[in-house]
Structures are given as structure tokens and as C-alpha cells.
């Protein structure tokens, strides 16, 4: 047995490195290409909503439908009651609208929109503080959704349940071109650090940044 | 080419290094930890628009205003209604837990149920509303045809309110006198006031403005009266420098918060009250101008007091030291606005008439009646002004019959209803049998003493129809369960709660639409009446309960619908002289009616004291709901571990007594009374008199602890017929 | 099979038969599997499987953790003496000390992984580290030192006759030996800090007057006392286990002079530690406690279990007595006395860890609370025994297949 | 643990603590790298020796 | 640890609980549980494993019948500021994963459940037993998950939780303040659930640094004390009792 081993050692000497390289390449392919594909499930929105079309017909931009309620809380995606004003009957030729009227309006069912920017239950996010307090634009965090004519596919992490837009398109979690490419805690921290943001004073004893309870609940 | 083990090793090494250079392990590690933050089996409540609905809590007679926070269509939290005259934004723990009663899929009854198993077996089949109603109506019609309409009885939780009056009206129009309601301490107090002041009224206590409270066991912060209001007023009373003396065998929370806790032997309250009266008269500390001008029968009464209730005698009977009797009596009489209050914890059980009257005489002695800081006569609710029910011949025959409980007969002249007598009457087959029993929002199998007898009686009644939202002790013994909406899903009027000083009506409103296939009991009564036809139907000229409620409340409807309550805030008791409607027009310490009552100074607990050397008393705790509503999980969670340990109830015992039995904290014992036996543990407590042991009321549902009614019997007050039992003889042995 | 087994046994070493060996391993293996079962239960169902509660957040496991780390202190201290200070004789016991250390530290890590409520988030302690927390320091130093121990253990594995045949491992083993002093020094540094920070864990809890100690800079006195006691008692554990394995194998494996040297050093360490501990206690009683509104006897009365006896057991019986024996040359040369001394020292340090962790939590701080007592659940016991079984198996395997004791051949021929 | 993590602060405790940690880790890492690299070189040297 | 030089000027939320008013009814406990999604199990009689952010203690003067006296003491998290109010509370600095923190703007000790990995060091360090561990999965009986409050996240098994002074109400109040263009949260806008519910009005909540707030005045009451003051935890919950034995007991003053 020992002798056998020694023999092999000599004959397969050159292959050792080859196998090593094969191992590296295989795992790189799995890790960088196959794994991300497997990790996310893809879902289409129940209705392919055309933001651009609607933007043209409202006066108040995004806030026409995604508004702050009286108590300052954010209304999120519109409820059926807000759409029904125009869409109680089919308006045009669009099959998506037809679907909306037939399946939701006439059955009085709320549309189960998939929220790209849905934060987990542990997060408190004040739209009022950002829109009114910091006078920020919707685009800064949400990008140019308002100019889209079609809703992109909703991708969901199969393990964590997060929308892919939270962690970011980039699987390494490092590359970020636009401010809206990801919405992790670190992305919030870009502003919520004492140095770059005056209103975010050193409130946390531990991190000398904004306190935990500012964004956590 | 042969692949060797080494090559595999190389491949593995390469793969390991390669994998470390990809996001795979790191992202997985991160995602898995995020997974632990969002476990699917941990519920994450949906967010949405927040709205508030104002309503009234009807979980106890207190009638507090509540504000229910909703998120979209979910009720999320109950809070006290700010500005409500009773609770001023405060709320008790039962009120706070209401949503656990609303959203209890397990205990709530989701659809009409018909019994298919044996009684108590919890075997039911769901039936349709049509079937349910026609089954009841068929039974009712048959009984009427046989001329047995009086053998129908109805138990409802209270005599006030539109629903309960609809019930009463239904029974009357149908032809039964047997409208039964449970009694409470306020009934004894009202009766005492009726006898002494001649007014049929509610008693009101202006606690906040009084200066000295002499409480004979009233659980001011155990849930007595309208609990939150009393809590708040006690605080203000305390802050104003008021002095509270709590007289009871066991140190309750009220006792703990009192300026003095005065332990006395159970059943000796009347004697002690009269002992105080003795001192006040002897020391000439009574309000002479009031006595001289506004009272009658004082001299004769005084003589008995002076002769009999000397401090030494009273001390012997009550166990209270003579000097304490004297000093407390003097402090009481010297105080500017002293009130004497009798009670029994939450006051769900009445006191004897002699007790109530003895205590009320103390109030008479100090003349603290119908003025600030005193006892007020508050008018009974008067907003239900329906035309008399139409009575046909059969009904006429029926309602002429003697009530099954004999209330209002010569023997029980002052009683309007004696629900406590029902089990005995049924078991002994006295009067006549009950063929059909309605129960609405009550749980007599749980709340009446001597549970075994109650169950026996209920098993004898051939048909029980229960209007309730919950599967409880009584509903499992019912033949037909007609699920009512819960209080958060329905309209209901709530009239002046016990001991409040101003007439008030509050309104419970549907906070959310009914979540199960339930119907308002009021609607059912109306539809049953319609179905029975004839004069019965004509007696109910309303489309629905809501219609009836609206028409009844008339001009107050809108105010109640919007604001949640109506209060006569300017109400003040008129000058005392106008308030006494006795024959003499005065406050009567003694009159013919009073003299005719059988005396009952000392209440002896049931049982032979050679066999049962101890006395078991039942106590109330604000942390437990002891009425028909079962304590929801939050309440059970809030109960101390010295009261409930796992599923065992813990009995409180004085360390000295425990020593006699060589018992240590937590020891298991067997507790026996003439009525039953139970296994419990002991808790050594210095706040209880030696030779007395105590168990809480309100446990025993869902196998949590023990229903003390299993061990308790009844003591009938000879004067009123009320069950005035608050203790029973007992013995214990190490288990 | 037998021939294969023999090929792996170091040359010249006599070992029991494979059957005997596998039978032994199987018996221990059952205990091991029992522990693994309990561990899985805890991981799947959560910490409700234990008898810990909100008063006893730290219990048997944390004690076991602290105790095994203290006892595993033999590895760092022997390493320090051997590689840094240059006590060359100790090379004859250092291998065994390293294995014991490796077992203790891997056990500690395993117990920690069972002990935390969210094992899958355990890495947060590194990633989101709070550098002010003693536990962070513990986690970092513990993990790093575990790496060091692995590095120290590896060359030993490479010395297995079969692995040694592969040139790469042969070389690697050789090269690692060359730089071992650096690793050992790093290890000593790390170990010093985490032994200390384990002491710091209880010492910094200023809300717990029983555990709290003053100190210098950020380190409470317990920081130094823990390191000191680990350095003193760790070698005792090494000696005890050496005696035990000699007893089991019925062979002499380490020369007396080596043991004697280690015992002597331990003795002096233990003696000085005991004095320091006594001073610390006195200082605590007279200076730290009174301003906090406490009296010494508050912690030793009003309960049915923790009395003064435990302090006497720790300081006198588990400290002064073994220190005296070990310091005295005459006594420590007597085999029975030596055995008694090392066992007492082990008990002493274990009791110390128990007191600082579990007793500290049993004592009510709010005057209206009462003492709390706790009895571990079988799952806790099983998972605490698990490392013992694991250690026995690893020692058995190592002893059988690796040349742990350099003097074995010499002493048994 | 790393300067880009939210909890990181550029202050003394972090410098000292993390400094020591990274210092120890680098010693361990460098030491092991040295050993492995040297062993690889040693082995290939020996093997080359063998072949020639 | 940063030097909190500006903490003196910022808010410092705290509570004053008047024990003479407190009746021990437990409404505060339940209000807290209802507001903060505190779970419950079948058996909650083992109080060492029962989560109640605010716990009611029953104190007694230790005397025998009939001289025994009882006083109830509600105990939320004390939100200790530590010596000098620099945020060196017993629990904050010990947390290895920075899951608990001291906020210098409000003086509130936060607990982030998703960060916590359940080492329980903070529980060992807290002398008040104000911290609770989720030994079990939080599971509500079927149907009851419908009453859960979306403003407070539900805690998963294996993490520590504690009273947050209903911080989510501050978040909501602040959000509303932003919406209205104003920036100050008024005293009545931010009140804890227990304060709101207390039928006896014994709990007062507000900014201890703000002379306009009720608590500022109340904490100066001559009968005011804090639990275990001698340990220098610097709690933000004050108690008032006219009973000397209660004050002694609370302050760990053993004569």
C-alpha cells in the first residue's frame, strides 16, 4: 500500500497543480456565476405598472400617489381606493389595465405589489424626516422608477427573504454606481455618520454616530 | 491518466481557496444570519394606516371609555379614552387585554353550535342561524301551547341596558316572570338605602372629596365599583390627605395602600360597625343638627347600640382591640367628610342587609349624605322608556306565576332576583321545573358557588340556550350556543356603573366588523319575537337591535355615537331633606320595615369547627377577572407566582398557622371544605390572620388553578335572600 | 486492518491491540454521541432546553468554559517557559500540554457556540465587535489562540509515521518547529489577554458588587488574577493528566525531573496567586464593598448553599494547601502529595471560576430580590460532558498514533 | 472589525485593541505562509535534486 | 467611550414613579406587553423565564402579622447613564456585538434584537434584572397575531430584550414633528404605554433635563430615590415613597 502511494506520487506529479487550478476555476465559476443565479427567485409584479404614463397625468409628482399621511406616516404603494377614481372602468387598450380592472377593481381586492425597497421589520424609516426634514429627493434612494414604463422583475433572496434591491444587484456587495443601487444599513450610514451629516450628531456612545434607535425599532 | 488521492487533495485545496475568493461563503453566512432575523414562524405584523375608534369597555360593570388603535383593519391596541368622566384616559389590565378576547380563535365560538355529545362533553355540531332560531322558537311555541311559558327562564349579566331590557321584555311578552340577574354588593347597598332613605337609587360615593374612608372590606383598588375611576379617585383622595382604614381579614392591595389595615374575623363586620357607632354616640361625636333635623328612630336605635355593642363585646367578637375601636371611631366622626363603605373585594357578591345598614348608619351618624365628599343617591338609569309590552292571555297567566327564585315574595320582599337560589330550587324540584333556560353573557356554572350543585341543576334543565361569544364552563353545558359578537364588534349601551356619582351613559361601538359568523343577541331576540308572532311580535316594533338602540337613546344617540358617552355633569344631589322619601321623610335609623327584618349580626361560616378548624376566604385581585369573562393570557401572566404556580393555585396562610401544621413555603396540601376538596400549595403570608386561609377568585378556567366556587357554599341572608357567603370552614393536610 | 493500524503507530512504541483500542473508543463514543444529541437538540429547539433563566443567564456552560480555559492554561504557560524563557526540559511535556490546550480551547469554542442564543449570528461578535466589551476580547483572543494551538498541534500530527513520509509535511513540520518560538510567544501574549479578559468579564460588572473589582486602567484586578491562576493551575492540570495517562497506560512517559520542575514553578505561581487573591479579597471587603452599601456577609448568609465554606474551599484548600505542597520540595517529590496538590489546585481554580460566574448571579443585588438557585438540565450536563468525551478520544488517538512523549522510548526500554 | 464596518471608530480603544489583534493575526499569518512557502520550496528543491 | 459633553444640554428621558400612588394593579405591565408585542406562553408562573419588560415587585417590610406592610414597585429598564451620565451603563459596554447602545440625544438604552446573538452578558451585568431572554420562539395562539403592533418589531428566539421607554413612540412623534415642520417633540407627544395606562396616575414620564417637564419637578421631591444608587449606575427612573423602609430597601441601604 505504501509503496503504491509512493509510485503514484511520482507519476502524477505534474497533475497536482493542474487539479489545483481546476479546483480554483470551478469554484470561481460556481461562486460568481451559478450561485447568484440560484440565490434569487424571480417574480413578476401582479400588474405591470407604467409609472411614466401616470406621472404625466398627476400634478404632484411621486407624492400624488406615494404620499405622507396626516400623521406623517408614509402611505407606501397606493391602495385600490386611490386607483378606483380613474380605473373603476377600463380606460384604454392596455391589457395590464384590463387585468387590473378585472382581477382587482371589480373583485375589490388589493393588489399584492412586491415592494422593491421593502425594509425588514426591524427598521424604522421616516420618510417625513428625509423628504421634509432633509429635503431629499425620491430619486436619491429610489432611482428613476418614475420614468419607467414597465416594472422590473422582483428578485428575492431565497434564504434571507430580502428584496435584491436592498442588498444590491452586485453579489459582492461592494460595487455601487448609484445611490439607489442598494439600501443596506451601510448605505444609510453613508449619511448617518457624524462627519458627513450635521444633523446626525454623535448620539451613540458605542459608535459615535447616529444612535441605533434612530432607524431601528 | 490515473487520478490519485493526492490529485483529489489538490482539487479540494484549489476549490477551497477558490471558494474563499467568491462571495458564496460570505454571502451565505450573511444571508443565513438574516434568515435568523426573519424566521417564517416569527410573525411580523403588517404596517398600514393608523386610526382610532372610541368605544366603551364592557368587560366589567365599570364602563370605561376606550380608544382602540387600528392598523388598516386590525385592532392593535386598546387604550383608555382621554376625557372620559370615569377613567380619564386610564385603563385597567383587563381592559388592556381585550384584543386577546377578540382574536382568540380557540375560545371564540365561530358559528351557531348544537350539542351532540353529553352535557359538558364539548361535542357540538355547527348549524345554520335559520335552524338555530327555528329550533328555539319551536321549543318556545310548544311550551306556550302547553301553558308552561313560566317554565322558561333567562339569566342575563345585569338588569341595566337595552339588551337586557329587551330580554326582560321578551320574557314578559312570552309569559315568564323568570328574568334572573346575579346580585352584587351594590344591590345590598341600594336595598339598605331604600330601607333607610326610601329611595330606589344607586349609591354613589364621592371618594375623591371625602376625608376619611372607613372601608369594611371594599376592594377600592381590587376592582370595586368602576375600577379605574376608583383608582384615580383614591389617588386624589390620598394626595388630598384623606385617611383610609381598611377592615378585612386579609391584607389586600387596598389594605396595603390604606393608612391602616385592621384585621377582623370574617363575618363580624356588622358588629364592628355598630361598635364604632357605640363609641360615636357615647362620645357624642355624631352630627347633632343632622340627627335632630333629618333623622327618625335614632333614640330607639341608639339604645340598642349603647346596650349591646360595647367595645369590650365588639372586641371579643371581632378580634379588634378595644382602644383601636375607640380611636378609629373617634377619628372617623371627627373627620370633615367621612365615609363608611361596605364591600367585599370587587363587590361581585352582596353583603347582608344588616351589614349594609349598620355601615350606612355610620354615614347617617356623621350626616355625610348627599353632599360633597359623601354618599349620594344617584338616580337609576331612566332612558329606556318603551311602551309596556303587549301581553296576551297565555303570557298573562305565565307572568302571574311566582318567580322560580321566589324573589319579591313575602319571604324575599326586597329582592328583585335571586339567581343564587336557582340551583337549589331546580335540584330540589321546588316550585316548578325549568324547561328552557336562556343565558346571555353570563357564566353561572363558573360564578355561582358550590359548582357541583350548579352543574347538577343545569343538567336537569332539558334545554339551555346560551348567547355567548366564548366556549366556557356554562356554554359546554348548553344545548344550543348562539354566538354573540364580542364587545368590540357590536353596539351596546352602558349605564351608570356602580358607585359613580353622576348619571352617565357610555356606548360600545363596533371597532372592527365581526370576524366570525356571529349575531348580535339583541337582533336574535327581535327575530325570535317576530317568529313567535302575535302580541310578542307586536311588542317588538323595531327592525333590529341597532334600530331599537337608536330610538331608545333618541336625542342622545348622536352624542354617544360620536363622543362615546353622555354624562349629566351638572348633577348634584339635592339638599338632603328632599332626598329622604321614607314615610317620615327623614333618614330612618329604625322603622317598621327594618325592625321586621331578621337580625343577623354575625355571619357564621358553614361547617363544623371541630372538623374544620380553619376558615377559607375568597379574595379578589384586580389582576384576575372573576366574572363571566375568563382572564385572558396577559392577566394570567401578570398574576404573581405566589398565587399561581404552574397550574396550581396557591393558598395564603399565616406563618404561625403554617407552623402548627409544620408547613413550609411551597408545600403541597390537600384543602377540604364541606363542599369539596382541592390540592394546592401554600404561600406563607403575614398579611392574613392566623387560622384563616385565602384563595383568589377568578382562576380555574382552562385548567389554570382552581375555581374557588368548587369549595364554597352559600349563606342566605335571611333579610334579603342574597348569598352573602365569603368564607367557609376548611381543614388542611399535608399532601 | 491490524497491519494498517500498526503502520500508523510511531516506531518503537508499544500500544494496546486495535480491538482493545476500538472498544475503548466506542464506549467513550457513546458518551460523545449523547453529548452531540443534546447539542443538536439545543441548536434546533433553542436554549429552552436548558434550565438557565433570566437570573442565570450565565450558568454551567460559562463555568465550564472558564474552567477548561483555566486548565488549558498549561499550554500557554508551558509554551512560554519552554520557548520564551528557555526551560528546555519542558520539551518533554510540551506536546502533551499543547494537546490538552487544544482540547480545552476547542471545547471552549464549542461550548460557546452552543451557549449563545443565535449561533448562526455568532460571527457578529467579530464583525460588529464592540472593543469595550471583555467578551469581545475573549472571543478574539480565544479564536486567535486556538489558531496558534492548532499551529502548535499540526507539526505533531505531521510526525505520524505515515504523514511524515510525505516530503511536504515532513518539511512543513520541520519548518514550523523552527519558528515555533514566535508562535508560542504570540500565543502567550494572546492567552495572557484572554485569560485576563475572562476575569474581566465578571470583574467589570459594576452592577454586581460580588463580582466587581477595581483595577488599573480598564482592567479590574480579576483580569490579572485569572491569568495568574490559569498560569498556576494549568500546569497542574497537565501534570494531573500526565499522571493519569501514565496510570492508564501503565508506563512511565515523562521523567520526574520534568514534572518536578513544572510542579515547582506551579507551586510558586500558586503561592503568589493565593496571596494576591487574599489581598484582593481583603481590599474588596474593606474598600470596594462599603461604598456600594454592602457588607461581606451579605454574600455568604441568608441562603442554603453558598456559605463561607466555599471561600475557604477556594482560597485555602484549593490555593494555600496545594501551594504549600508544591513549593516544598520534600512534599512535592512524594507522589501522593503531588497528586493531592494538583487535584486540589484544579478544584481551587474551578471553584474560583464557579464563584465568579455562577455564585455572582445567584446573589440578589436588589435588596428585595432573593437568592436564585439552579440545577442544570440533562442537556446542559450532556453538552458539558461532551468535551470531556471528545478530549479523551483525541488524547487516546494522539497518544496511539503520535510521538507525544519524547522520553517514552527511553523510559520503556 | 474593519474600518468600513459601521461600528468602527477611529479612536484609541479601536487602535489599541484592533491593532493588537491584527498584529497577532499577521504574525500568525506570515509565520504560516513562511512555513508553507518554505516547505514547498524545500520539497521541490529536494525533488529536483532527486531527478538530477 | 466618547465623552458626552453635550448630553447635559440634550434630552434625558426618564420616569418618576410615585409608589404611594401605585396600587400594584399591573395595568402598566399589561399595557407594556400589549404595546410592545411581548409574547406569552402556556405557563408564565416561572417568573424567571417570563418576559415582562416592566415588572411589578411586591416589597414588604419584613414584619410579622399584623404589622406587615406591603408596597408595590414597578421596575422598567432603568436606562442607566452610568457615572457622570456618559452612557457607561452596566449593560452597554459589555455587549460584544454592539447590540445595545446608549443614545446621548435621549438618554435611552437601545436594544437591537436583530444584532443581538444571545450571549446574555448584558443580563448578567444588569443588577435590576431588567433584561429578558427569549428562551422560546415567540408564538401567538392562532388568531392573536392579528393584534401585533407594527411599530415594534417582534423578537425572535435567542435574543435579549428589554424596556425601550416605548422608543417607537418617540420615533412616531418625531416623524410627526418633521411632517409639521416643527422640530421639537412635546411632552405629551411622547409618553410611554405604561404611563398612559396607569389608572392611579403614579407614573410620570418626560425629559429629566427640561424644567418645563413634570418629571423635572418630581425628581426633586424629598422622598425621591433611585434603585441601587450606591452602585453608581445612575438610573433614569426615580421613585417616590413616603415610607422610609421602602426608600431604604430601594437604595440598598442596609442598616
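Lettered A, B, C, D and E in written order, each chain numbered from 1.
Basically, a residue touches a chain if its C-beta (ideal position, glycine included) is under 8 Å from a C-beta of that chain, and two chains touch if they have at least 3 such contacts.
All of these numbers come straight from a predicted model, not from anything done at the bench.
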| item | value |
| --- | --- |
| Chains in simultaneous contact with subunit D and subunit E | A, C |
| Required minimum of steps from subunit C to subunit D, each step between chains that touch | 1 |
| Pair sharing more residue contacts (C-beta pairs) when B-C is set against A-E | A-E |
| Chain located farthest away, centre of subunit C as origin (C-alpha) | B |
| Identity of the chain that, by mean CA position, is farthest from subunit D | B |
| Central subunit by CA centre of mass proxy | E |
| Subunit A and subunit D: spacing of chain centres that average the CA atoms, whole Å | 37 |
| Separation of mean Cα positions, subunit E and subunit B [Å, integer] | 33 |
| Distance from subunit D to subunit B - Cα centre to Cα centre, in angstrom | 75 |
| Length of the line joining the C-alpha centres of subunit A and subunit C, rounded to whole Å | 48 |
| Multi-chain contact residues (two or more partners), subunit E | 1-2, 46, 98, 113-114, 137, 151, 153-154, 156-158 |
| Touching two or more other chains - residue numbers and ranges from subunit D | 6-7, 11, 13, 47 |
| Multi-chain contact sites of subunit A, meaning residues that touch two or more partners | 9, 71, 73, 120-122, 206-208 |
| Residues of subunit A that touch subunit D when the two form their complex | 13, 185-186, 189, 206-209 |
| Subunit E contact footprint on subunit A (complex, rising order) | 68, 71-73, 120-122, 124, 126, 128-129, 132-133, 201-208, 211-214, 216-217 |
| In the complex with subunit C, residue positions of subunit E that touch it | 1, 46, 48-49, 57, 59, 73, 90-91, 93-99, 115-121, 123-129, 131-137, 156-160, 227-228, 230-233, 249-254 |
| Touch list for subunit E against partner subunit A, complex | 1-2, 4, 6, 86-88, 92, 98, 101-106, 108, 110, 112-114, 151-154, 164, 167-168, 170-172, 174-181 |
| Subunit B partner contacts - residues on subunit C that touch it in the complex | 118, 120-121, 123-124 |
